[in-house]
Every structure is written in structure tokens, then in C-alpha cells.
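Every chain is named by a letter (A, B, C and D) in the order it is written, and numbering of its residues begins at 1.
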Amino acid sequence: MNNTINDERAAFYQRIDKHNLMPLWEQLHNLVPRQPAGACQPALWSYKTLRPFLTESGDLISAEEAVRRVLVLENPALRGTASITSSLYAGLQMILPGEVAPSHRHSQSALRFVIEGRGAYTAVDGERATMEPGDFIITPSWTWHDHGNPPQLEGGEPVIWLDGLDIPIVRFFDAGFAENYEKPVQPISRPEGNSLARYGMNLLPVRHQATSHTSPIFSYPYARTREALETLLRHEEIDECDGVKLRYVNPATGGWPMPTIATFMQVLPRQFSGKTSRSTDATVYSVVEGRGTVWIADQRFDYEPRDTFVVPSWASLRFENQEECVLFSFSDRPVQQALGILRESR
Amino acid sequence: MNNTINDERAAFYQRIDKHNLMPLWEQLHNLVPRQPAGACQPALWSYKTLRPFLTESGDLISAEEAVRRVLVLENPALRGTASITSSLYAGLQMILPGEVAPSHRHSQSALRFVIEGRGAYTAVDGERATMEPGDFIITPSWTWHDHGNPPQLEGGEPVIWLDGLDIPIVRFFDAGFAENYEKPVQPISRPEGNSLARYGMNLLPVRHQATSHTSPIFSYPYARTREALETLLRHEEIDECDGVKLRYVNPATGGWPMPTIATFMQVLPRQFSGKTSRSTDATVYSVVEGRGTVWIADQRFDYEPRDTFVVPSWASLRFENQEECVLFSFSDRPVQQALGILRESR
Amino acid sequence: MNNTINDERAAFYQRIDKHNLMPLWEQLHNLVPRQPAGACQPALWSYKTLRPFLTESGDLISAEEAVRRVLVLENPALRGTASITSSLYAGLQMILPGEVAPSHRHSQSALRFVIEGRGAYTAVDGERATMEPGDFIITPSWTWHDHGNPPQLEGGEPVIWLDGLDIPIVRFFDAGFAENYEKPVQPISRPEGNSLARYGMNLLPVRHQATSHTSPIFSYPYARTREALETLLRHEEIDECDGVKLRYVNPATGGWPMPTIATFMQVLPRQFSGKTSRSTDATVYSVVEGRGTVWIADQRFDYEPRDTFVVPSWASLRFENQEECVLFSFSDRPVQQALGILRESR
Amino acid sequence: MNNTINDERAAFYQRIDKHNLMPLWEQLHNLVPRQPAGACQPALWSYKTLRPFLTESGDLISAEEAVRRVLVLENPALRGTASITSSLYAGLQMILPGEVAPSHRHSQSALRFVIEGRGAYTAVDGERATMEPGDFIITPSWTWHDHGNPPQLEGGEPVIWLDGLDIPIVRFFDAGFAENYEKPVQPISRPEGNSLARYGMNLLPVRHQATSHTSPIFSYPYARTREALETLLRHEEIDECDGVKLRYVNPATGGWPMPTIATFMQVLPRQFSGKTSRSTDATVYSVVEGRGTVWIADQRFDYEPRDTFVVPSWASLRFENQEECVLFSFSDRPVQQALGILRESR
């Protein structure tokens, strides 16, 4: 290709540019890459490092003023986008005794995974769920929700959880709406445990019609989840990559609890030296129990309880640990499955 | 219409008869009735009356010789068909301490609803479930299953349950197969509770693929079911026909536990005077707790715990009770829904 | 087993009989057979034999008096039940020029497969479909429908079609309702071809919501079906049992056109010597084109165009023909699949 | 709030920044907007303006060198992203007589909507479809595809079509893979029209199992689509916003032809003055027939055949036209529905 052609083409590109046109052939290899080539990087946030910042944030701003007092975990390669992976948001939220995080609703779906502290609640659609470490709680799309940490006899304690939201997804599709509730706290119309009794016991009300893409139970207590893991760990073959890994389920459909976010809990047995796997759904992990090592794209990360780490799309992933470890995780798998673009390799 | 025409027609009918032909117009009103016109009648089997017969059958035949020692409840209007409704079979099965009901499998799906006694088990596909009164247990289509009542330290007790099967359905569609297992008792490959831990805790194994029309959990313990009813009873509006009524669910799909039989549990509150309803799915009830009255097609039946009664298709149904009552029931609703022929009126 | 035991048992059976109880163990092998053991027999109805009876029926009764002037094809082993298989009904219906078969609706779903004649119509829900030989037409459950054969310039001709209904199924589940329309002919609100344009062109109205278990198109013209068979016959591998076999589809779901009846069209190539297959869905065939031989449960039947034959559940089936043959068929496959009891062997 | 607090917070933000942390409360209103606030703008590309650039591109680069000779339509507010909406890509592709666009496959799904010229083909998975103006053709995710314009007797003519791809979606989820075929042109294994005969005639092969999220027919000829529109236009109520609007269907499921892109065809009748509607799925339109006016977010655009225009998420949309107009369009509606975030207002 000689220079004349190059010059002619360049001139052409300039002329069409003002008509909002671009020559595909100059970009095709970038637009249709041979394999995932996103910016997202592996990273680990140490809870020991973060915890003092949370305390400090409690002095700098109240939950009510902040609306949500959250330190957002931004992927080092995606700074300025409030994203921990290209499609998902994660943050650590703290609520102090006596505080309320006021009621609102939005198109974005959210999960809460409790990290530390007892006594706070999340209220969804007229029902409260008390939050215990290890509990997984959903605040579904377009549902009124607020959080509170009522003062206890003994004064209470800060309660901290990991928030996971589909903020980047809803932003990408330009489909977000939001509203504040007229009061900070929504009225309670059903007693705690009602949703779980109604939908979570392998029974459903006889006239129940699914009207939402989200699970009708919004709290998955850790006690039950841990018991399930324990039973399977004692008696099952261990997957060579994942240990014993379960996914949370919408009991009214058998599908994912939320249409945009998959959630998982897994136990890695003692003395586990896992095999390598990859998947196109970048995944955020929160350590529930145990210390161990994870190799992500050949980088080593040592984790301990309450740490958060992120595995990018198609990055190689391998677990190694001496102690038994329990890991909560979430990803955009439901979307990739619905779109037919999920790919895995083991 | 004169006699000549009648005679001509009669002669014609006779001539075509030998060609396996029949004139529709003489039968149209019967074949396409204005509303359900089946033979099935309301009936109640009193446990007090039946119980001695079960005892007696224990003397007359062993579980092993009988294969299944069951007294079949035949609808009074369907004698000779082994049917309690046009489409369903019901019977009371007893197994004595030390007995085994040998392993086999068949196309027919079965439910077991435990009426009396403790200590027996049902084994399905390598896993046993201990049977307690009020438990609902499934032996799915084409799955090896056997029952046993191991001798206890104190000698044990007879265990009695209600069997519900789709025998008439599979017979009607001419699609039944059966096989005996090579030994009376199948080998056990998973510990008790494994299925419930794996599938019944609002979690699923991450790589689970539904491969069957039947629920992957085969035991729904009464303790959990009763707790759900209790929670809803305390806090909910009571349905004016049904009290608080739940349906059992296949947690991997949100659908029915079996493709042919729906199962329900309901509590009628104290001082309940229900409204009338009808449905085209004839339903078999087993009384779990409480004494009450049921009006079926304007006939009065007084029931007490462990009694069985049957409500025909489209018969009016009304409950009336002073005591709190708990009722288990089953019907062919999944089939009627799949076929688009279910009709209800309230 | 000695006589005493036998006598005791017999006495016991007699005593429990009056309580509507029956000992399962005496019937278990019949109730749970090792393989399908229904009464349904193979049979063929020769059109040459039947056609004169249809003519004769036209003299004996008018379509209006008969409501539906149909000669029902009763399985030789199921006489008196209006059934051609245990679950399905078939009959040949004739409508003469100038006649109307008055409008009614019922829970039963019906198919019409046109055998002979042109110029008649079936009206469904305000739209008419003109009937041509080879067309497959549906009158869905609980939909007003009537048939007519308007007098033509040249006088017109009798139009004859095969009716297939789920009458035995709806009767078995005791779920049938029926109503007559207030007038013989329902009003027409949409032009012919409207449903096919709206739903049958691989497009759907943008706000269409499926509200029925039945296909929104009710006419599948033979011209399109024959063209599809021809294209595949010329270029495809021929299935060694079935030749080229297609199933009719509900274009709004990809499922069966009706919830209770599957319909198929197949072409057997020239010089075809098929392999044996079996299936639990007993099937009714109507010969569209060609003469050939079919072996059913080792009985030979020679067929020609317009003949009807029936293959019982699990009977062996084998085709053999010199001429190219086209066969329409229907069975209860959708039900057996929904119930998880369909079994095939090839 | 005094300056001290502000200063303290600013200092805090700086300290946490290096730990990849960000205070949510400073960004919450941007991250969870009250309504869609994306950058995408309304725009129209006049074919009269573009056409000469396509001709010119034909002189500057061959289809083979370019792989795909496409001028990408970039949204004026999304320059540099190869996106016409936040989630979709569009471009005009030209192939000259004698040229081949070489075979490759990728995770991205593509649609081709033919704008001008005859005689070219798209080959998908061993079958070719000849391209006529108005035809809608799919090249599914991960399917080998190539295009060619074989030289004709008379020399042939350039063929131009609109490409629509989910490139931004697959990039956002970081899930794209691509491969080139070993030769420019894939081998042909099935004759043209085979897929349409097999899957597009309201029939399916009797043993067909859906194995893909994409329609098994990949060509929807304009002739059929236009006939459907015409039939409905003559006889139907016209929607006050949309005229007569149909969506293309996957005939094996009744769902969308592709998992990521919805496609529509609509006719606006003569003298149409439409009402305003909005939707969160930003939509790209290609004008097939007629001249008219469209108001997008209160901006007026006058269109004529072969023009392309884009309607952003939640922008108001209103049609006005004297001539009958036919419009093809596509959007990310299947994704928004699967995610439960689609919102419409009329």
C-alpha cells in the first residue's frame, strides 16, 4: 500500500467524519477482538485497610445526609466510573446505631451481603429483615427500601455490608429511573419472616402469580446456607475448581434471584489446591470464613475474612488454601446467559 | 320425525356398525356435555373404620408377599377401577416393624402422605427419608424406590401412609412400564437429608441442570410446612373459601412437584365458615389436624384426623369448623393446567 | 399358600368391599403393567368403503339437524366409547352445498383435516377459512365455531374432512363444558387470511400477548406444507423410520398447535422400506397422497389416498411403499410430553 | 455545612482515592438518575448524502482488504465509540459485483437490512440467502458467515445494506471472541431456501431441538413481510402511535430472532398524524418506503427512502406523514425485557 492510497484514505476519513461516519475497516480488529480485551483488572481490597476509613466516614457524614454512606470499590483500571467490573458496582456501606438510610427506589437492583455487626435491618416493600453476618439480602428493582440500625439496650454496634448493584448495566442501557420516598422510613405492613415463610419453604401460596423478575424472598439467612454447604461438603465429591459451590435461587422460578446479578456461596475444603478455570462473567468475591490464596491472571492475592476481590472476564482463576474457606460471590451471569454470550473454560 | 325415517336410520346404524362406525349425532350431547358429568361421587373414609382392617391385613399378608400392602380407596361410583377420582388412585399402606416393601420402579408417579407412626423410611434413588406424620414424600416416575420399617430398640410401631398415584392417568394414556429391582432393598449412596440440603434451601448446585419433570427434593417435612402455615395464619388475610392454602413446589422450577399430581396443605382457622367454590380438578383430602365439617355437592361430611375424603370435579365445596383444621390434599391440577381445561368458580 | 389363608383372605376382601376398599396386592400387576397393555387395536378404514355411507347419511339427516353430520371411527376394541385410541376421537364429517353446521363452543379441542371437496369453510372466532384438500384447520377449546358449504354458481360439491378431537381426554378428566351459539352462524369480523397474515409470516403484532394454549393461526394450508416437504425431500437425509416428517407449530410459541393434540405431516419417498419404531402415543393417520403398506404390530395394512388408520401405543410400526406417499397424522404427544410419560424406541 | 467539614471531607477523599475507594454520596445523584440521562442524541443520516461516500469507499478499498467495507454511523454524541445508541452499532455496507467479504465468526450477533441492489448473498452456516431490498437477514452469534456479489451476465450492481450489531453490548460485558475462516468463502452444504422451508412455514422437523438463542431461519424476505403489513393495514385498527407494527419472530420459540436485538417492520398509513410515545430502548430506523416527518425529542426530521435515523432512550417520538411509509427498525428490547428494565409510555 503506497502513501498515495494512505493519503487519499486519510482525506476521505476526514471528509466523512463531519457526517458522523467512520470507516469500519480501520477499527474492525478492536471492535471484534479475538478474545475479551476489557480494561478490568484483578484487585483485592483488604478489610483491615478499609475498616478505619469506614469509621472515619462515620465521623464525616451521617447516613441520613449521605443517603447511603458507602465507600465505592472502584476497579483500578476503571477509576471514575464507579465500577468494580465493567458491568457491576460494589461498595461497603456502614450504618451506625440510631441511624437511618432513607427510603427510595430505583430501576437498579441491589444486593446486600452482611460483613460485620448485628442489629440493623433492611426494609423492602413493607417488611423488614434483620441483618446478620453472612446473610444475603435483595432490594429489587423499583422497590421501596431503607436501612436502619435501631439503638439497642447496650448501645448497639456499627453494621457493615457489601453492596452490589447493576448501576453500570442500567446506565449502559440508559434505562434508569429513581424516586425518593416521602418519609425517611417506609411503613411496615408485614412481620419479619413473612416472605420466607410464604415463599422460602418449598411451598407457594396457591394463587401466587410471579409478577416480577426478582425473587419473592429478599433475605437468604446465612444459617441455612451454611448448613447446606456443610451437608454437601461432608458427603459430596468436591469440584476440582470450585470446591462445593451453590447458587442462590428464586424459589418461585428456579432461576436467579435477580435478573441482572447472579449470587453464589462456596466452600473450599481444607488443603484445597484447585484447578484453573475461566469465565466471561467477571466476578466479585467477599470472604466469609478462612484465609487462603487466589491466583487471578497469574497474580497472587492472599485473602482473609471480610476482604473483597475481583476476577475479570476470562482471567484465569485458581484457589489454594490450607484452612476451610467460605466465599460469597456475584457476577452478571444471568445477563450473559440471557444474551447467549457466556463462555466458560475449565 | 316419522317412524319411517327412524327405521331407516336404525337400519343404517346397523349396517355401518360392522365397519366400526357410529353416528355422532345420536351421542353428541353425551360426548360434549354442557358441564362435567362424570360418575365420581363424594365420599369419606373414616380412619376409625379403616384402621382395624389395616391391622387385619397385617395378619393376612406380609409386606414382602404383597409387594405393597395397601387397601385401595375406591370411589363408590368407580368400583373395579382402583380409582378414587376418574384420574387418580389412593390407598392406605401399612408397613410393620421389620418389614420391607421391595424395590421397583414404574412410569407412575406416587406421593406418600404419612398418617401414623414413626421410624419407617422411603428410599428413592439411593437416598432414604425417614417418615414422620404429616410428611409429604415423592417417589418419582421411573425411579427405584422401596420402603422399610427397621426394627427399633423398643420394637417399633406400624407406620401407615396415604398413597396417591396417577395410575388411572398412565393407564388411560397407555404409557405404563414397570420393573422390579434385582434385590428387595436398593443400595444407599447418599446420606439422609442430602437432597433437601442440595435443593431445598433456596440454593441449587451451580451446575445443576433439571433433567426430570419431578422435584429434586423428594421429602417435604411437616415441621417446615406447619411453620409456614402458622406464620401466614397469624398475619395474613384468610381466603374466604380456602383459609390459608399453600401448594408444594419443585424448587428447581417453581412448578408442581410432580407433572401429574398437585399437592396442597391448608389450615382452616378456628370458627371458620367458608364460602363455596368449585373446580374441575377432583381432589382427595387427608385430615392432618382438627375436626370439622365439609359440604360436598350439598352432602355433609364430618371429619376427624386421619380421615380421607374426595371432592369430585365441579362439585360445590364448603368448609365449616370450630377447631383449627389442617388438611393435606392432592389433585390432577398440573395436567388440567397443561391441557388448558382447568376451570374454577368461587 | 394353603386354602385356609385363601379363604381368610377372600372373607376379608368381602368384608372390606362394602367400605369401598380393595386389596392392592391382588391387582398390582394389572395396575402397574410391565409395558403398555391397553385394548386399542390396529385398524384401517377404507375410504372406498366409507364414502357411500357418508353419501347415505346425507340423505338420512341434514347437517343442521345433526349439528355435526359425522360418522365416528370407533376402534374395534373400544366400541361404545367413541374413541379411535384410548385418548382420542376421530370421525368423518360431510357438509353438502347449502348446508350449515351450527355454531357452538366446547372445552374440547378439534382438528379438521380436509379429505375431499372444495368450497366449504370453517369459521373460528369471527374469521372464516376456506377448506381445501390437505388443509389442517383448528377449532380451539372454548372458541365459537361453525362450518358451512355456501351454494356455488355450479351447485357446489360435498366437502368431507377428518375430525380429530380430545373428547376422551376431556371426559377422562371430567372437565368438559359446552354452549350453543344463539344463531346458527356467527358474525364475521375479520377477513379471511387475517390470522395467517398476522401470526403466520414469522412476524407477530408488536403488542401480542399469548393468552391461549392454542395457536393463533387456525388454518395451515396444504400448499405451504407440501412445499416445505418437497424442499426437504429433495435435499435432506431421509429418516430411516419416518421419511421426512414435520410437526405443525404454534408460531407464537414454537410449541404444539393445540395443548392436547400433536399434528404431523410426512412424506415417504419412492421405494421406501422403513425401519421399525414404536412410541407410547397412539397415532391416527390420514393418507393424503400415494398407495403403500404399513405394518402395525406385525399386521399388514395396504392403504390408498383418503384412508384412515390407527397405530396403538407401543405397537411396532413400519412403512413400505413404491410410490411417494404423504401422510397426515395426529396423537396425544403434547400431553404425554407434559406428563413426562412419552417413551419412544427406534 | 462549613468549610472545615468540606476541607476534612476533601482530604479524606484524597486519602482513600489511592486505595481505589470513592465516596458514593458525592455521586449518588449521577449514578442513580431520576430518569434516563444518557448522551445519545437524535440524528438522521440522509442516504443522498451517504451514497456518494459509499461509492468513493469502493474506489479506496476492496471488500476483501476491508474484510467488511462499512461506513459506521456514529451517534454525534458518542463519537469514537462506533455506537449509534449506547448499546448498538449500525453501519452501511457495500459489496460490488465480483467481490467477496471473507468468512469469519464472532460472539456478536448481526442483522443485515437490504437497502439497495440485487444479486448479492449472505452465507450462514452452509446456506446462502440472496439479498433483495427490504429483506432482513441474520448472521447469528458464533456462526461462520460471508457475503458475496457474484458477477452477473449483465455485470451486476453494487449491493448496499444496513448492518446492525450488538458490538457495544458484547464489549460492555467483555465477552467477545472472534475467528477467521481458513478460506474467504465457506462451503455450501444446503440449497437456498432450505432453512425457510424447514423452519419458516409454521412447521418444524419432528425431532428439532432448539440449541441456540437465535432463530433457525436467517432470512425474512420482504415479500412476505410486506404482504402481512398490507393485509393488516387494510383491515385493522391502526395503533395511534405506531400505525401497524409487527415484530420479527423466531418461529421455533415465538421470541425475538436474536437474543440481543429486536427487529420490527411497520407501516404508517397515509395522512397519519401519530401520537407521542417513549420507550427506554433507543431505536434505529431505516426508511423502506415513503417520505414523512418524525419528531424526536421535539426535533423535526424529514426522511425519505433509505435514510437512517435514531431515537434515543426515553426521547419522545411522533410520526407525521402524508404518504404511506414503511419503516424497519431495531433496538435492544430483548435485553431490557430480560433484565426487567424496559419502560414505555404512550
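The definition used in the following text is that a contact is a pair of C-beta atoms (placed from the backbone, for glycine too) under 8 Å apart; a residue touches a chain by one contact, two chains touch by 3 or more.
Everything numeric here is computed off the predicted structure, so don't read it as measured data.
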Maximum centroid distance from subunit A, chain identifier (CA atoms): C
Homomeric contact subunit A-subunit D: same or different residue positions, threshold half: same
Chain centre separation in whole Å, for subunit C relative to subunit A (CA means): 53
Distance from the mean Cα position of subunit D to that of subunit A, given in whole angstrom: 31
Between subunit C and subunit D, centroid-to-centroid distance (C-alpha), Å: 43
Residue list for subunit A, restricted to those that touch at least two other chains: none
Interfacial residue positions of subunit C with respect to subunit D in the complex: 190-191, 193-194, 197-198, 200-207, 210, 217, 220, 224-225, 227-228, 231-232, 234-235, 239, 242, 245-254, 264-266
For the subunit D and subunit A complex, residues of the former touching the latter: 5, 8-9, 12, 15-16, 19-25, 27-28, 31-38, 40, 43, 45, 49-50, 53, 56-57, 60-61, 65-76, 79, 82, 85-87, 89, 91, 106-108, 141, 166-179, 212-214, 259-260, 280-282, 312-314, 332, 335-336, 338-343
